[in-house]
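Structures are listed in the sections that come next.
In the two complexes below, chain A is the common chain; its partner is chain B in one and chain C in the other.
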Partner chain A sequence: MNKDNIFEIFRTLMAIVISLILAFIIIFFISKQPYVALSKFLLGPLSKTRYFSNVLEMAIPLTFTGLAICIMFKANQFNLGAEGAFFMGAVTATIIGIKFSLPGLIHPILAIVCGGIIGGIFLFIPAFLKVKWNANELVSSLMLNYVMFYLGIYIVNYYLRDSNAGAMVSYKLKTTALLPNLIPKTRLHYGILIAILMIIITYFFLFRTKWGYAIRMVGFNSKFAIYSGINNKSVILYSQIIGGIIAGIGGATELLGMYSRFQWQNLPGYGWDGVIVAILSRNNPVLVPIAAFFLSYLRIGADLMARITDVPSEVVSVIQALVIMLVAAESFLAKWKHRVIAKKAIEEIKAEEVNMNEQYI
Partner chain B sequence: MKNEILRMENITKIYSNGITANKGVYFSICESEIHALVGENGAGKSTLMKILFGLEQPDDGEIYLNNSRISITSPSLAIKNGIGMVHQHFMLVPSLTVAENVVLGLEPRNKGFFDYKKAVAITEELAQKYNLFVDPNSIVEDLPVGMKQKIEILKALYRGAKILILDEPTAVLTPQETVELFNQLMHLKNSGHTIIFISHKLNEVKQISDRVTIMRNGRNVGVFNTSDVSENDISRLMVGRDVVFKLDKNIKKLGKTILNVKNLNYTSETGKKVLKNISFSVRGGEILGIAGVEGNGQRELVEIITGLRNYYEGEIVIDNIRINNLSIKEIRELGTSHIPEDRMVYGVAAQGTIEENIISDRFYKKELNHRILMNIKKVSDISKDLIKEYKIKCSSSKQKVSMLSGGNIQKVVVAREFSSNPKLLIADQPTRGIDIGATEFIHKKIIQLRDSGTAILLVSADLNEILEVSDSLIVMYGGEIVAYFDDTANVTEEELGMYMLGLKRQSHDEIGRVIYE
Partner chain C sequence: MNNIFKIIFSTSFGYAILRVTTPILFSGLGAVISDKAGVINIALEGTMLTSALTGVIVSALTQSTFFGVIAAILSGIFVSLLLSYFSLNLKTDIVLTGIAINLLASGGTIFILYLVAHDKGISTSLNSKVIPNVTIPLLNKIPILGPILSGHNILTYLSWISVAIVYILLYKTPLGVRIRAVGENPEAAESVGINVNKIRYIALCISCILASFGGAYMSMGYVSWFSTNMTSGRGFIALAAEAMGKGNPVGTLLTSLLFGFAGALSNNLQSLRIPSEFVQMIPYLATIVGLVIYSIRKTNMLKYKKEVQNA
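Presenting the complex of A and B:
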């Protein structure tokens, strides 16, 4: 890890601290019991194993979508279809979980793999449209999210709906398909291991393989990539397919780990949050879990605060916005960094000058 | 001596990555003078000028304008103080028209709306006044660099610049354009402007400047009246040694034909016939120069041969393989290397590290990869060797290319393209913006490649370079080959100029000699 990275981390931490301070000020203004609210917000998630587990549970899907978006952003592809791919990944896992009878280990693996494939197929569409007709992937992927959402809802409601259940939910998945819990009395499931594996794979893929190299070069300067002989069309395609696969795997994992039947009637929003995670982590897969953890900690803390005190959980949105703004502002604290470096260099120059003068004398 | 108008004292600049670009620099200029600023690549010239223009903040030192201290914290303050700058890498908006670019940020308005007619009128008036003729309505993207530069100068003048900083203005110009620019600079000087002129071409410095400041390693190592020093004196102060301008070329051994271009015709997207019936060949061990005023089809020709441009008629054969339907990667795999004309657009990924930029043409090859992962040690070793061999001034092989000086960026490109053992090298302005020491080095490298059997196509706006380095040459005018010389030793610059300007052309048979089978 070099100096620049250390500085980046420090800067992000500072951004978080400053935005938290601002959040406290807001809480002090709007709450009758600010101290309770604050302590719930900050320490609530640590107060019980179950709460802390909630933080980790929520960080899992955020990690998946964050990684998916990271890869696409790295190639300069602003595909926002991770939301829909995540949703379709979950629908696919539901189908496999209900319609197939397989032994324990194989069942969830098949469900997750199929979820990934479906995610990849869907995000191939905006990529293909871009390569073929230069259609903006941002627009087409946003539209595609609706297609994926309604298609998923249609499948669940018409083919998998459990009419005996009161709500609009699917049949129960076969228990062989579900991901078991990792720690008793919590809902923390084996999906966290899959997420960790995915982080490692994504990191090595992006920074240590030739395919990742091509993605990064296209992202830096596509003309340079083309000139160098890199096939930028294939990079545009595979970066988004891989993004879709990761998002799909994330959706499948989430469903198999946290639910026993499919019950979303709205997009769960992890794809949008994934954009926040990707920005906070500066598109670096290694920092994705930290960003995901942070976001999820804020969310859970805010939930606890809202449940017990008079502060609405919307305060988190304010904090989120502040952190993102500060982190995204490139030159925040740059002066400070510069001063540290300049001081040392000036001393060196002075020493050099003394040396030179001595030589002349 | 004339009145001092501006003085920089004790300027020290340290970049955030710890590189010290200026160390206690003293720099002073007088009213209506042309002041040259010279120094090797990375000596700190651009940095000093960026400080003067408010783009960078010094860590130490003061700036005095007419003896009163000023602080220039932004370009808009510099402009307020009458300082304008034309950058080494242009900063125009390609999709806008000339007039729009000239007034950008200070647009004339009519009832609150942008008044385009007025902008055109302003541009025309300025152009008239300063002899800088441009077409206000054309889109900047399509213009040759010489034009773009005029627009940059007009932009600065429109903002009221009295002191004009030109960072390597002639690096991108043809000899004719340079002559034109110099006339314009003299005109500006006589109308009371002060010009700071950065260049690596010492003959130009001698020709145009009144005084010269020499920088080395971030320091000012001397200020002279230009008439008091010779080119050799200057280069010795810059580099610390004598630079040999004469290349000694061996007697050459010609190999078989490597590049064969047959009846090439190309019509641009806008319907203009850019290349007409171009046929020529280059043999192994031969350097064929292409001379010509920019915009006569050279760029398109280069882009077609290297695969960047498609949809042409005719045939191109490299090493006996027809490349019309090959991808850029396949063309490169035939052993083609390409130094592009514009390093910032094609040559590098500025956000990438030096390593990442050096391996862009070979990153997928077996030798740089284990089974799945890349061999990062090997990548690093190759890069370090090339950094050493090409004397790229940097803090490490993992430094970002955007933090290198202009000349060192060019060296990264050259190092990559020369180190792949090419059979065919297309060198488009290979020494643009490179200091004399490094130019000498690159010329020697080109000749070394030639001697090892590489076929080389050298495109350069620098007539000296063409005449000195290439063995034979063709001249392009209006999209056609109008002359071929099989031995550059027998050609004079004047004669070449006649062909380049279209005043003379050889017979069909004479030109036909450039085709071998």
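Presenting the complex of A and C:
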């Protein structure tokens, strides 16, 4: 491990510590029972198997959207449509789960594959608009999120809605489509294996294939990439399509693993969380699960705290925002880094001088 | 179809367009200023949300509309300082800072709303004040135009005046020259002694102040309460309005009106037998279509310029 990596890890940890301290201060100010709140927040998820399993369950969708954003950010494409692609992936899985009758195993696989394809198709739109007419992918993908949301809600309400259920939910999915639980008495499902598989595939794709190399080059320096013969436009296209596919797969997996029917009335927000995960993991797929676990742990901890004490769980949003800004801040602790490098350089020069002197003697 | 035309060609629809346009126009003008200074302000959405809540809470506590609006603006300035400090001093990518601030605003407003009103959805338990509507004498007597233009919220009129103010600020004042210089070429601006960071601080500050007027309008004029994520993407639509308005205050006014039209259409068509999901989709689809048309024109212009240069 080289010096740079150690520095990056240290910086990330510092950012997390500072953000947590700020959250603690806020909790101390607003809560009547700050110690209970803090212990629930920090240790709550570890107190029961069920709670810890909740952390892992929530880390699954965060991993998917984190990976999706990773690939797009790695190519320097600020496409924020993972939110909508995730949602549409779940809607697609609902359609397949309700309208198709297939044997187990094949049923969820088909649903997840279709979810991925739909996600890919949707995120192809901002990519295409950018390549063809240079339309800003950031703005178009943000708008597209709302379009995908209303389209998905329309499909569920008009074609899949269970009028006997009282609430605005879809029919129950066929049980053959659902992902079974991995560990009894928890809701942890086979989706975690799909997520792990996805991490490995994404890693190999980014670091061991020609296409992944092209993505990294375009993200690193797009002019240099163009001059060295990389087709910039195709990279812009496929990086976002792949991002959409991963997000769509994530949405389908989440729905089949955690729910028996479609019941979201809002965008679930995992696309934005994916941005946090991607930044925390430095766009490195191998670190994505760690970042997803961390974020999920915070969320579950905050939920447990909010259940028992007077502190609302949204205190997490303070931590999230500060972590993003500090981790992504180039100058955060940069002075310290310079000092370390300068000190080391001076020592090396001194050592060389001593060597030189010894030679002369 | 007849029904749709009946709705569109009524004076109340014209009035509704201007009502819906106001927050988009404010934020769009905010986007103009920051963009001219060469920094993209994604945090407009979060700024609007923050000041919408601040306005409601402070006006409820002080029972004064004036203090509510002042507090809303101060909260906007606070957001701009946060944004500037991280993006300019700590060199965080400004898009990421903006995303972070938006996430903070979306969660943080729920957090504060719960602490103050013990509700995570809506602020109706607070007795907050609204900014009054004004009837403009003489103007309200003109047939057709009168009912469309008169009787709006004070902030709606302020948003129109802001178009002129932003125009004058950018093109007729020394500060405007500096802002544009910093945006065009920061190195050149630096070389003639302009403090680039300082100018960008000021630009982001003005940008967020404009957005916070939009936020105050949302919760103290458009409706009389705060509800979670009530801005629902208006800050992002404003970015598109600015891009399509070519970064020009007057152009932004026109594109904001276009999105105002889409928004008003969406609000009014909900009574018809069209699936409400599609109706609600209109403003966002219109934004994408508008962005594409703008981008096509821009690419064609560039091609044309190249051809002229080559000829």
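A few points about this structure:
Everything below uses one rule, namely that the second predicted complex is superposed on the first by the 342 of 361 C-alpha atoms of A that agree within 3 Å, B and C clash if a C-alpha of one lies under 4 Å from a C-alpha of the other, contacts with A are read in each partner's own complex, and residues count from 1 in each chain.
FYI, contacts are C-beta pairs under 8 Å (C-beta built on N, C-alpha and C of every residue); 3 or more make two chains touch, one makes a residue touch a chain.
On a predicted model such as this, the values are computed, not experimentally measured, just so you know.
In the superposition on chain A, contact is made by A:154 with chain C only, not with chain B.
Look at A:299: by the touch rule set out above, it reaches neither chain B nor chain C.
Counting the residues of chain A that each partner touches, chain B and chain C differ, and the larger count belongs to C. After overlaying the two complexes on the shared chain, residue contacts for A:74 are found with neither chain B nor chain C.
When the two structures are aligned on the shared chain, A:261 is found in touch with neither chain B nor chain C.
Contacts of A:210 after superposition on the shared chain: chain B is touched, whereas chain C is not.
Residue contacts after overlaying the shared chain place A:229 against chain B, while chain C stays out of touching range. In the superposition on chain A, A:107 contacts neither chain B nor chain C. Once the two complexes are laid over each other on the shared chain, residue contacts for A:320 go to chain C alone; chain B is not touched.
Once both structures are placed on chain A, no chain A residue is touched by chain B and, in the other complex, by chain C. Note for the complex: chain A touches chain B at residues 2, 4, 204, 208-210, 213-214, 216-217, 220-221, 223-231, 334, 337-338, 341-342, 344-346, 348-349, 352-353. Partner chain A is touched in their complex by these residues of chain B: 12, 14, 16-18, 20, 23-24, 59-60, 306, 308, 327-329, 331-333, 338, 340, 345-352, 356, 359-361, 363-364, 368-369, 372-374, 376, 398.
Partner chain C is touched in their complex by these residues of chain A: 30, 78, 80, 129, 133-136, 138-140, 142-144, 146-147, 150-151, 153-154, 157-158, 272, 275-276, 279, 312, 314-318, 320-322, 324-326, 328-332.
Interface residues of chain C facing chain A in the complex, by the touch rule stated above, are 42, 86, 89-93, 95-97, 99-101, 103-104, 106-108, 110-111, 114-115, 120, 232-233, 236-237, 239-240, 243, 275, 277-278, 280-281, 284-285, 287-288, 291-292, 294-296, 298-299.
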